[in-house]
Amino acid sequence: MKFLVNPSKFNEMADYIFKPVLILSIILFAIGLLFSFYLSPDDYQQGSSVRIMYVHVPSAWLALLTYAIMTLYSIMALAFRIPFGFIFNTAVAPIGAVFTLICIISGSLWGKPMWGTWWVWDARLTSVAILFIIYLIIIFMNLSFENRIVREKVVAIFVLVGSVNLPIVKFSVDWWNTLHQPATISKLSKPSIDPSMMTPLIIMTFAFIMIGIAIAILRIKTEIISRKSYLS
Amino acid sequence: MLIVKDLSVERINKKIFENINLSLTPGNITILKGKNGSGKTTLLKTMLNIIEPSAGSIFWKGKLLKRNFYDFYNHTTYIADTTSSLKKLTVKDNVNIWRKFFISNINDAQIEMALKTLKLDNYLNKKVATLSFGETKKLEFLRLIIENKKVWILDEPLSNLDEDSIELMKQTFEDHSSKEGSIIFSSHQNPGIYVTEEIEL
Amino acid sequence: MNFLNKIIFFYYREYKLNMSGAQDILTNIIFFFVSIFIFIFSIGPDKQTISIIGVGILWTLLLLSSTLSLRKFYQDDFENGNLIIMHLNGLSFGFIAILKTFSHFIFVQIPFLLSIPIACILLNIANDKLFYLFASFGIGSLILSCLGSISSSMNLMNQRNFLLGSVIIMIFSVPIIIFSVGIINMEESFNSLINILFGILLIVFAINPWASGLCLKLSLENN
Amino acid sequence: MNFLNKIIFFYYREYKLNMSGAQDILTNIIFFFVSIFIFIFSIGPDKQTISIIGVGILWTLLLLSSTLSLRKFYQDDFENGNLIIMHLNGLSFGFIAILKTFSHFIFVQIPFLLSIPIACILLNIANDKLFYLFASFGIGSLILSCLGSISSSMNLMNQRNFLLGSVIIMIFSVPIIIFSVGIINMEESFNSLINILFGILLIVFAINPWASGLCLKLSLENN
Amino acid sequence: MLIVKDLSVERINKKIFENINLSLTPGNITILKGKNGSGKTTLLKTMLNIIEPSAGSIFWKGKLLKRNFYDFYNHTTYIADTTSSLKKLTVKDNVNIWRKFFISNINDAQIEMALKTLKLDNYLNKKVATLSFGETKKLEFLRLIIENKKVWILDEPLSNLDEDSIELMKQTFEDHSSKEGSIIFSSHQNPGIYVTEEIEL
């Protein structure tokens, strides 16, 4: 598991798995799209707009997951002085931002037919919007601070502080009575969703994960190259 | 008292200078010479513990400067290559602020004298922004008298001054060194100031 | 004694500086009142709505106006070398940060606090809430000053993107604002809630000299 | 031809100065949205209230953004001597004022204007009001830019009475803003009202190069 | 071409200088000397029609400068005693902005040459804020080459420069004067620059 913290090991591993991951993600995407558009049923309440779910939910999950991993890496980088954590933060933040954006856009597209408006100020939507802004701030910090050492530390601290927002996103639907769907799929007990909808959802989720990994590999590699001068 | 040993400074992985040795002892006047960009300002700032050296060490009264810098500051006046007086305020306000800030034990008469020798006495109620370049610079030298410290670290004190003022600086320097003060200053030419050491960067 | 004197004269200096730039303070206050007028006019004469959202508006304007003055926080002293002089005069960077934070509080936030009573009249906020407002605003604005100090000292290392600092502060102040606006409407449990706000103040107050001081040191080193 | 080139490269310079990359525009926009968030948080998520004061929020933020940047308007170019260089390069002071005003409009106000549609979604402002909003905002922000130019050129002169002048100019923007806020809610008479706003724009636009130009000239002479 | 006749300038009812006469003709180099606060900068700014004289008049090509100043500006480069390069931008950005702003017909190779002789070629991507004092000053002189005008009005061009750079300026001045250009500059000392006229304020 050393490749998770060591740049050169990571490079070796990345060369090894990049192509399979890419191919897998393409295949999964093709199957997933096929399922979600043709092979899954309309919802009896929501009609065919339910198909937005197959984009919305995976992207939402990944947005959260990405941030959670960034938090872990920030802790590692700050507490255990593992520079790979800084590299990871810089490389992955834009990916998380894109997932969040997809989640928000698909959510609003879904919200128009369901709730009658693009946007309401309920706790989940608001906290996701804040998540998006946090991602953007991280990206801009990475772009604009000149002193690298300070920049990396500041960003890592910011990621840590911002992680307070994660549980708010996740549990806001349980804590407050909101418009947004409470957890139906990711409940710890038996998910209350029909298997015919579950299958494409799972496939799409894996497709998103694979795409995310592929892009992350590319970005981390460039990030490593740009720091060659002082990474051993 | 201040001893600089084998000092090297890097900035953004570029060596600015290497292995500088110098010492400031009571009564000596050191001139720092060198081309533009050779690192004079950098050296002075490193001596003030503002810039971290990449190698070498600086000692003040036998201890590492890093551990002891507030004591060093207590004995040091630094005048940078830019002026620090507040442009929006009058000369008087600036002088008052300095006097209070540095808890100076200089009395009014001495200040007046100094202003007179610097030929700034007519400008007391003028905003610093409307002084001429050289006058602003001379105003800055008032801090040498107000702070009344032993070690003077001056960055290009002589540029932009007219001959009279340079003559005045010369005397001030000699006076200070005869009172066991020590001076290090950077300059591109030396218009006849007596120096005990010359360092070429 | 010596040290106390230094502190006093630090503020003498700040006073002189701020008074010579009095138009900046005035601009802030004008901005404050113009914005209140904007709201009153956009809402129309419906007193009910105005008094409901009044406190919220006051808080937002407080926040925005303190971001307004962020640019001045350290920039001038940094550029003309006064930061170095203060440090050489025996004040550690962290301590400079504390002094500056209070100076910001005194010369930027206090004028605001003083204009709150008038704003309350305009916004139809009941008189008996004034005390709660003052208490929570006083603490809140000190928190904002601390956050402002941190972000603007960070900005010294980031000459490119001045607004980023403001955005960061604003994100951090979201919970504070939600919380403080809530406080005023819960008069029974006011005391315990204000203690929490006070706790937040203590935290940022403890972080401030450390974080700002580090940033100041590094930015001077790289200048 | 030469002259046109000079204008183009004036803006090239402003662009370089204002934007060390597209990120600054984006930061501006983020700032805008975060401010909206803050308003919503402090006012509460009630849809009804939000849509009532939405327009007010937008105007406040527009005002904020132009006050925020007032300090930058001429100050930097004045202090580092670029104002003289521009003048020596054949641009009259009045013309510099015009160019600077537009530069302010382009680099500070336009990013705001561009984000209005999304802001409307967030603030629950009906789609059919968008046109009215754009029209009144476009004109209003140009007026603010002109007023900003006049007041910040007055600020350059370090005499007391001019300080007052710049404050008065700020106050002058109050009736204009109040007027513009009102416009949006009066759809029937929109056309005639916007014409009045347009008239005001023409007046300040005509005064601007004359007044700012004079102030610039005088302040350079007294510097 | 530029003739200054009996010029006097007052500021806040205080006479700065009186009855100055001078002329800038092609090929001549004028040095302006005087104490700090004697009015050198004021005189140069008056010649640029930025400060109003209280008496006397200035002619450009036979016409009153006041009526004709844009034509004068077309032939003039002014370098003030402070630097005008934009501190936040890189050297390259600054050079590009100047080139475009002054619609310069200097080509890339010439610029590169100039940067090389000024020893600034290594700093192209460095922010001006991180250059040394003298380097910033040298960067400013690039405007002389970029603008490529006949009349040079320079305020204290030689201060803060090292000897090599002063030597370079000397040659540049002589070169310019041999090409029928005219120069007026203020300075506190003259390190051997050939001047045709010396004016003491």
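Residue numbering begins at 1 within each chain, and the chains themselves are lettered A, B, C, D and E in the order written.
Here is the rule we use: a residue touches a chain if its C-beta (ideal position, glycine included) is under 8 Å from a C-beta of that chain, and two chains touch if they have at least 3 such contacts.
This structure is a prediction, so every number in the text was calculated from the model and none was measured.
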| item | value |
| --- | --- |
| Chain pair with the greatest number of C-beta contact pairs | C-D |
| Chain separated most widely from chain D, comparing mean CA positions | B |
| Superposing rotation of chain C relative to chain D, computed on C-alpha atoms, to nearest 5° | 175 |
| Between chain D and chain A, distance of the C-alpha-averaged centres to the nearest whole Å | 38 |
| Cα-centroid distance, chain A relative to chain B, in whole angstrom | 56 |
| Gap in Å, rounded to a whole number, between the CA centres of chain D and chain C | 24 |
| Computed distance of Cα centres, chain E from chain B, in Å | 29 |
| Sites on chain C at which at least two other chains make contact | 159-161, 164, 167, 171, 174, 222 |
| Overlap residues in chain E, where contacts from two or more other chains coincide | 82, 88 |
| Overlap residues in chain A, where contacts from two or more other chains coincide | 130, 133, 137, 140, 143-144 |
| All chain pairs that touch each other | A-C, A-D, B-C, B-D, B-E, C-D, C-E, D-E |
| Footprint of chain C on chain D - complex, ascending | 20-21, 23-24, 27-28, 30-31, 34-35, 37-39, 41-44, 49, 52-53, 55-56, 59-60, 63-64, 67-68, 70-71, 155, 163, 166-167, 170-171, 173-174, 177-178, 181-182, 185 |
| Touching residues on chain D, where the partner in the complex is chain E | 2, 5-6, 9-10, 12-13, 16-17, 20, 80-82, 84-85, 87-90, 220-221 |
| Chain B contact footprint on chain D (complex, rising order) | 158, 222-223 |
| In the complex, chain B residues that touch chain D | 88, 127, 129-130 |
| Footprint of chain E on chain B - complex, ascending | 34-37, 41, 81-82, 119, 130-135, 137-138, 156, 159-165, 188-189, 191 |
